[in-house]
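Pasting the structures here.
Same chain, two partners: subunit A is paired with subunit B first, then with subunit C.
The block that comes next holds the complex of A and B.
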């Protein structure tokens, strides 16, 4: 059976052992492929599953994608426990080891710069959700007496919609304030598109979906400050913290690909 | 290279991590390198859009600004119609160049 090389991440050489029994996307344990001052973390995958054509089909298969994405993330996660990896996008595949080496050689300088920038940092994800149906709270008219007149009814409606507006205003202020204060502790920050609750399964509406690049040394502090803000009296607003992740959201930008150079000057012709 | 210092315990991660969080990172983020096996990134982007469509209604998708199918002739009869109209206009134009005077200038 022909096998190909699936690359999870690039990092600096390291001594620490990876967790035992770690398996990659096709059940093959990840191996280290050193080249110069870099190491590619690869595993062998069957061509039957990772040829162009096979991949195209697989990527449309949610179950396959889920399994592969989790396996990819698991390897990157194991690396994050021992070093600062530069995570690659899902399904970066080469024919053989020498193809991987050539890639490392060609991008050595760019990888080096990015790894230096990310060194010692992890990524934390912070999301703010607004609970969809705020209890018609705050409305002073408690479990509402039946409106005595059309005017009362209108007044109640107005109060309810004001409570909703209040919630959105508060949520926006809260998210802005949270993002600002977390950005102070972080080396860098990225705002991502809000997640659709039907994909994430999270309740309410996602109003902030941010990633923060945080030094390991201050990660504890960072987490505490998220916890503190989350515990503030903020009915209807929920804060969700995920991490530590490898610095996925910060891996791209300076990677010196020609495309990126162009991206930096969107208005100018090359 | 610094050795990682102690990290806080993971939050919402590992085996229990939300699929949306994982896909967001491994499909949308991370370094993009063209390997020997060329996967058209457009395919992947298409997939993530499809994923959203799997779980979101069409109206919701439009609300989110996702409306690629509207201009894809394979998926939308309106786009097919538009394409036909454009093709007709192009043909008319070329005919007119070949034989001015015989083809009416006016497009539908």
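The block that comes next holds the complex of A and C.
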């Protein structure tokens, strides 16, 4: 069976053992492929599943995609526990070891710069959601009597929509303030496009979807600060924290400005 | 009321990271899966599989 090389991440050489029984995307344990001052973390995958054509088919199969993404993440997580890895995009596949070595050789300087920049840091994801409807307690107008007339009805509607506008304004202010204060603790920050609630299944609308590059030493402080801000928030606004991740959102080269610009332009609401 | 939510990483968060971020290697060496295609493929797959009642936004 022909095998290809699936690359999870690039790191500096390290001594610490990876967790035992770690398996990669096709059940093959990840191996270290050193070249110069870099190490690629690689596993063997069958060409039958990872050729370009096979991948195109598989990527439309959600079960396959989920399994592959979880396995990829497991390897990157295990690396993150012992070192600062530079994670590659899902499904980065080479024909053989020498292909991986050539890639490391060609990008040695760029990888080195990025690894230095990320050294000792992890990524935290912070999202702010606004519930579509304010919670009953937050509604300024008590659920009044049934409208007696068309005019009453319109007045009630106006009040409801004003309450909603207030919530949006508060949410925006909250998200802006949160982002500003978290950015102070973080080495770097990225704004991702808000998630479509139809995909995330999260209630309400996602108004902030940010990633923060945080030094491990201050990670605890960062998490506490998210907790603190979340406790102060108003009803109808929800804060969600994910991480620690490997520094996925900061893996691009600094001068790859285009992607940043794209990232800073939040997508429209659904 | 709100306490920061921390739960198992959801698929959408995972794919948000794995498909839209991370180092992209292009060149003759890789099999060159265009990243844009990748994201579109998945989102289509996710929308139709995760929530079959919701029409895909790409068909509008």
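Everything that follows uses one rule, which is that the second predicted complex is superposed on the first by the 242 of 270 C-alpha atoms of A that agree within 3 Å, B and C clash if a C-alpha of one lies under 4 Å from a C-alpha of the other, contacts with A are read in each partner's own complex, and residues count from 1 in each chain.
As a convention for this text, contacts are C-beta pairs under 8 Å (C-beta built on N, C-alpha and C of every residue); 3 or more make two chains touch, one makes a residue touch a chain.
Treat the numbers as computed from the prediction; the structure is a model and nothing was measured.
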Query raised in the report: Which term applies to subunit B and subunit C once both are placed on subunit A by superposition, clash or fit?
Result: clash
Report task. Determine, under the contact definition given at the top, whether A:177 touches first (subunit B), second (subunit C), both, or neither. Result -> neither
**Report entry** Touching partner for A:36 - first (subunit B), second (subunit C), both, neither
**Finding:** neither
Report task. Have a look at where A:240 lands relative to subunit B and subunit C in the superposition and call it first, second, both or neither. Result -> both
Requested in this report: Considering only touches as defined above, state whether A:73 meets subunit B (first), subunit C (second), both or neither.
Outcome: both
Query raised in the report: Which partner does A:81 reach: the first (subunit B), the second (subunit C), both, or neither?
Result: first
Query raised in the report: So, A:230: does it touch subunit B (first), subunit C (second), both, or neither?
Result: second
Report task. Please indicate which partner A:219 is in contact with in the superposed arrangement: first for subunit B, second for subunit C, both, or neither. Result -> first
Query raised in the report: Of the partners subunit B and subunit C, which touch A:252 in the superposed model: first, second, both, neither?
Result: both
Report task. Share the list of subunit A residues that count as touching for subunit B in one structure and for subunit C in the other. Result -> 4, 7, 10, 50-52, 55-56, 59-60, 62, 65-66, 69-70, 72-73, 86-95, 99, 103, 107, 114, 125, 192, 195-196, 198-201, 223, 240-242, 245, 248-249, 251-252
Requested in this report: State the interface residues of subunit A toward subunit C in the complex, per the touch definition above.
Outcome: 4, 7, 10, 50-52, 55-56, 59-62, 65-66, 69-70, 72-73, 86-95, 99, 102-103, 106-107, 114, 125, 192, 195-196, 198-201, 209, 211, 223, 226-227, 230-231, 233, 235, 237-242, 245, 248-249, 251-252, 270
Report summary line: In the complex, subunit C touches subunit A at residues 1-6, 9-25, 27, 29-33, 35, 38, 41-47, 49-51, 54, 57
Report summary line: Within the complex, subunit A is touched by subunit B residues 1-2, 4-8, 10-15, 17-27, 29-33, 35-40, 43-44, 47, 50-52, 54-56, 60, 64
Requested in this report: Going by the contact rule at the top, pick out the subunit A residues touching subunit B in the complex.
Outcome: 4, 7, 10, 12, 14, 50-52, 55-56, 59-60, 62, 65-66, 69-70, 72-74, 77, 80-84, 86-95, 99, 103, 107, 114, 119-120, 122, 125, 192, 195-196, 198-202, 216-217, 219-220, 223, 240-245, 248-249, 251-252, 255, 257
